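Look for chain A in each of the two complexes below; its partner is chain B in the first and chain C in the second.
Moving on to the complex of A and B:
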């Protein structure tokens, strides 16, 4: 133990003496080059484009530098604001629902009866399916007239639902698909976290006569917090960018009911070819994602957790 | 007497647990079963109502997939692009992770965070510039463009996860090898790398999965020559009103390799997916 603690400064000193001063930089070089050429460069290009009126489909229009005009337009773009609100709603509901479901599933499977390991493996599979395939499959199942979902509902006496075909139920249908695909991801992580918890706090709670519900809220949940925070953060970042399944099932419709940010952005860029304006919207989206992540990180004390981990 | 009551109680709750677990499993498994069944149905069986559970299975959809949608080309493209991108990301990322974990690098935490920020980037921000730049360089619709982009996408995962795995290997082991006269490279190759193998394999499977399943970038940065499986699967939707068999067959074809690969690596999956933060 003492050896590895002392090892840190000694190793650095020796690295310096052995002329390995630049080895660290050399090791990082390939990553930095790829990040600059493929990552940073297009990003700056996009930032520049967002300040121009670039629109190749409309050569009569002024294509040059327009300053912050695109950003000014974006702020008053009702369709954009609608997409932002829809995306935030979608993200909160999707992550919230799949988190709740995942915690319940993790508690259930923590009972560990024979055969549960196999069922657990089966439950994980949806997160591995290509999102495009998920979209295709759910679209087939949700067909209002021929779909198997309405058939199953009819067996238990529930009238057929329009699913993604009507404005009122389209958003709920997309949430169903997202929760189906990503609850397994949350479940996998939270179950692992639950399995790794120490036994003694639970024994103490049992001795103190705590009810199962008390034990859950006073012991299990606080100890699971770091795992829940990490799983949620990873899911939030991905849920805000949801594109593939919505693209296949509704393309943002009907009547813009599922017009998430990424779908609207794709329309501005690839249907209207307003590339300057589209770049400005992309940058605003990036800022929104950053803001959401920062708020989440601050509110949950994520950085404190990471620092504590590093210090150990 | 009382013990038989509690035993009956625990049997009842056991049945309850099984019922709940089976219901949950059915919910998550059903769409996958349905996709597989649909891919084996004939066009008549697929559009039948009420839906047919028993039917004569046919590989017709798979045959069409290869004849009408050129699935073989897409399969080869996907495999080539994703394998190379995974390889490049693994090599560059592991080197960077080793540098961050073992050497004095200026602004270490800043670099680490910068790497992670790629993970948050909406693909829509950089896809148009990439499209324009690629057109000018003449690499649009070639595999190399997607290889570069997927390498970049995989890097943050590799750097973060491998950094955690490397930090867990005691430095004293490497020092012992150095004292015994190994060079830095030998020491990494012979001592550290073998200990990293489980971590490397898990990370590799995860970034392979991300790249294999990626659609948005692939759909915009390719047009005919370099199309990947998700792109041709999505094109089965547009073509005709009833090409559900084709879509399902494409879904099964592209999902199968990932399901097999990941389930084999299940043990290390949690660790990798949470950027090393949660032990599975």
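Moving on to the complex of A and C:
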């Protein structure tokens, strides 16, 4: 009698694969459970909260389920809209400035002169400092009468500036601090990207007759684009959420001149304890970040770059 | 006119990459620099291109001193080993690049790009990115980009070494035909002796920063000047027999019959090949050795170590008193262990200088 073995290997193969999947699921389970508890649950809970009038500080006035009322309030909340515009302005300027500076620095350091390694390490330092410490340091440096900034200005004959103390210059001062702290981060990524670029296209450009400026705009910048896009994306998300330094230096003032989204959010949540309304604002902020990122991704052709890379 | 290289040195710290190279490359010549890696051939090419500055010496292109001139002012084109294409630009834009940076009008650019792409058979890939075409096509694009603006001088740095053997062979003939028909002075760097032999008008064999010999391919093959050239060119390489020259006693060689086979005229030059101690080599190409019966007149007696039939030819490894060498012959009756006579074809033994 002959036994047909046809199909047998396939069957065992399938059984084995099912077994593997089962093992995989067991191994992943602890992480999945923790992620659900600490990630997904608070997220969903905050979504629920945003639909209530929850105010722990004021139990008498506790309102139950209010539907979309919080969201409706938010849309007509002038303070909120002011914060959104301020935050977008802050983000565009901060990311734009630090990107420009970082690219220039990366180009400079790419020349590789002696001593640049040490200098490069020093340049990285600001991003390593805790934002709170950065805020305190700059606040002291920006003090109108005692701060070192005005002292330095006085040395070159410039009158003392109010820095964060006046509405007109507060935002610029916050940008200065943010750019100072985060340019190193951009620099690091872009410098690494620049160092990793193949050499021969640049040599080809030199021989093809391109001037240094033509080479920068026609070869360097386009080849760096993927790195620039990723660095900017990370910075954009971070800049929209800026909190610590600004809170330490101005607490959103003077006269709401630096009242960024996260600062307004913190005030609503933890000063007014309007946790329901605060949750709604948080969700709107998330939507704003998503919208900005999506627009950015679409405009820069980021997904196309990723796909091209994968196709290769 | 062409390219004049005058005692050019390149030092990297204590290391000398190019050690006082001087050579005249004629207008329209196909000049190949050949040597193993680290011999200074690419560094020499890059100094001609202006991608490296010489530590000393002078380089002239078409009569103009360009030693310290920027690459873009030298009117040269170059093809790189890894092609050096702009990955973010399409094939069309890659070829167009040298014209665009020179601010040539768009209509003319388009015309030239299409004509050049047509000539190199890449017209159908103009809209693709370099990442979407094969290695051979990429090399064609890099050639097209180099040729699109009719340069006076074309520099090529191992352009075929990233291609597979079959493609290499076809590209070899294509490149040679193309640049010859355009009459462009070409300097071509390679470590592949077949590329050098088949393409060059003249070959410069380089070793440790020196140009050891500059001559036509056949001259290099027939009369290698030094031990290194003899060993580097030809496969299997030339058989070298250590020899000694003494004004009184004449020539003594490890296999004396081969020294005796030198014609009197050649033997007279031995002193100019020998070093201070009188050492030099008698060199014979494996295909210029004949296997004859043992004891034949003028033949060296040798035992057969190994026989390697290759079809068209047969490599016979023989041992003559401890000196092992190779004979390339047609099919042979010789078997391992046989004792045979080995004879040099008339006039085919050469003098070769030690390194």
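Note that the second predicted complex is superposed on the first by the 283 of 312 C-alpha atoms of A that agree within 3 Å, B and C clash if a C-alpha of one lies under 4 Å from a C-alpha of the other, contacts with A are read in each partner's own complex, and residues count from 1 in each chain.
The working rule: contacts are C-beta pairs under 8 Å (C-beta built on N, C-alpha and C of every residue); 3 or more make two chains touch, one makes a residue touch a chain.
Quick caveat, the model's predicted, so the values are computed rather than measured.
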item: Combined model on chain A where chain B meets chain C, clash or fit; value: fit
item: Contacts of A:237 with chain B and chain C, given as first, second, both or neither; value: first
item: Chain B versus chain C as contact partner of A:290, first or second or both or neither; value: first
item: Touched partner set for A:80, first chain B, second chain C, both or neither; value: neither
item: Partner with the higher number of touched chain A residues, chain C or chain B; value: B
item: First (chain B), second (chain C), both or neither touched by A:219; value: second
item: Which of chain B and chain C A:207 touches, first, second, both or neither; value: second
item: First, second, both or neither for A:198, with chain B first and chain C second; value: second
item: Nearest Cα pair across chain B and chain C, whole Å; value: 7
item: Where chain A meets both chain C and chain B, residue numbers; value: none
item: Residue numbers on chain A that touch chain C, as the complex places them; value: 198, 200-201, 203-211, 214, 218-219, 222-223, 225, 308, 311-312
item: Chain A-facing residues of chain C, complex; value: 49-51, 70-72, 74, 76-78, 80-89, 97-98, 100-102, 129, 131-132, 142, 145, 149
item: Chain A-facing residues of chain B, complex; value: 14, 17-18, 20-22, 24-25, 27-29, 31-32, 34-35, 38, 47-51, 88, 91-93, 95-96, 98-100, 102-105, 111, 114-115, 118-130, 132-133, 148-149, 151-152, 155, 159, 170-172, 175, 178, 184, 209, 212-213, 215-216, 220, 229-230, 233-234, 236-237, 244, 247-248, 250-252, 254-255, 258-259, 262-263, 266, 269-270, 273-275, 277-280
item: Of chain A, residues touching chain B in the complex; value: 3-4, 7-8, 10-12, 14-16, 20, 23-28, 30-32, 34-35, 37-39, 41-43, 45-46, 49, 105, 108-109, 111, 113, 115-116, 119, 121-126, 128-134, 136-141, 145-146, 148, 151, 180, 183-185, 188-189, 192-193, 196, 226-227, 230-231, 234, 237, 240-241, 243-244, 247-248, 261-262, 265-266, 269-270, 275, 278-279, 282-283, 285-286, 289-290, 293, 309
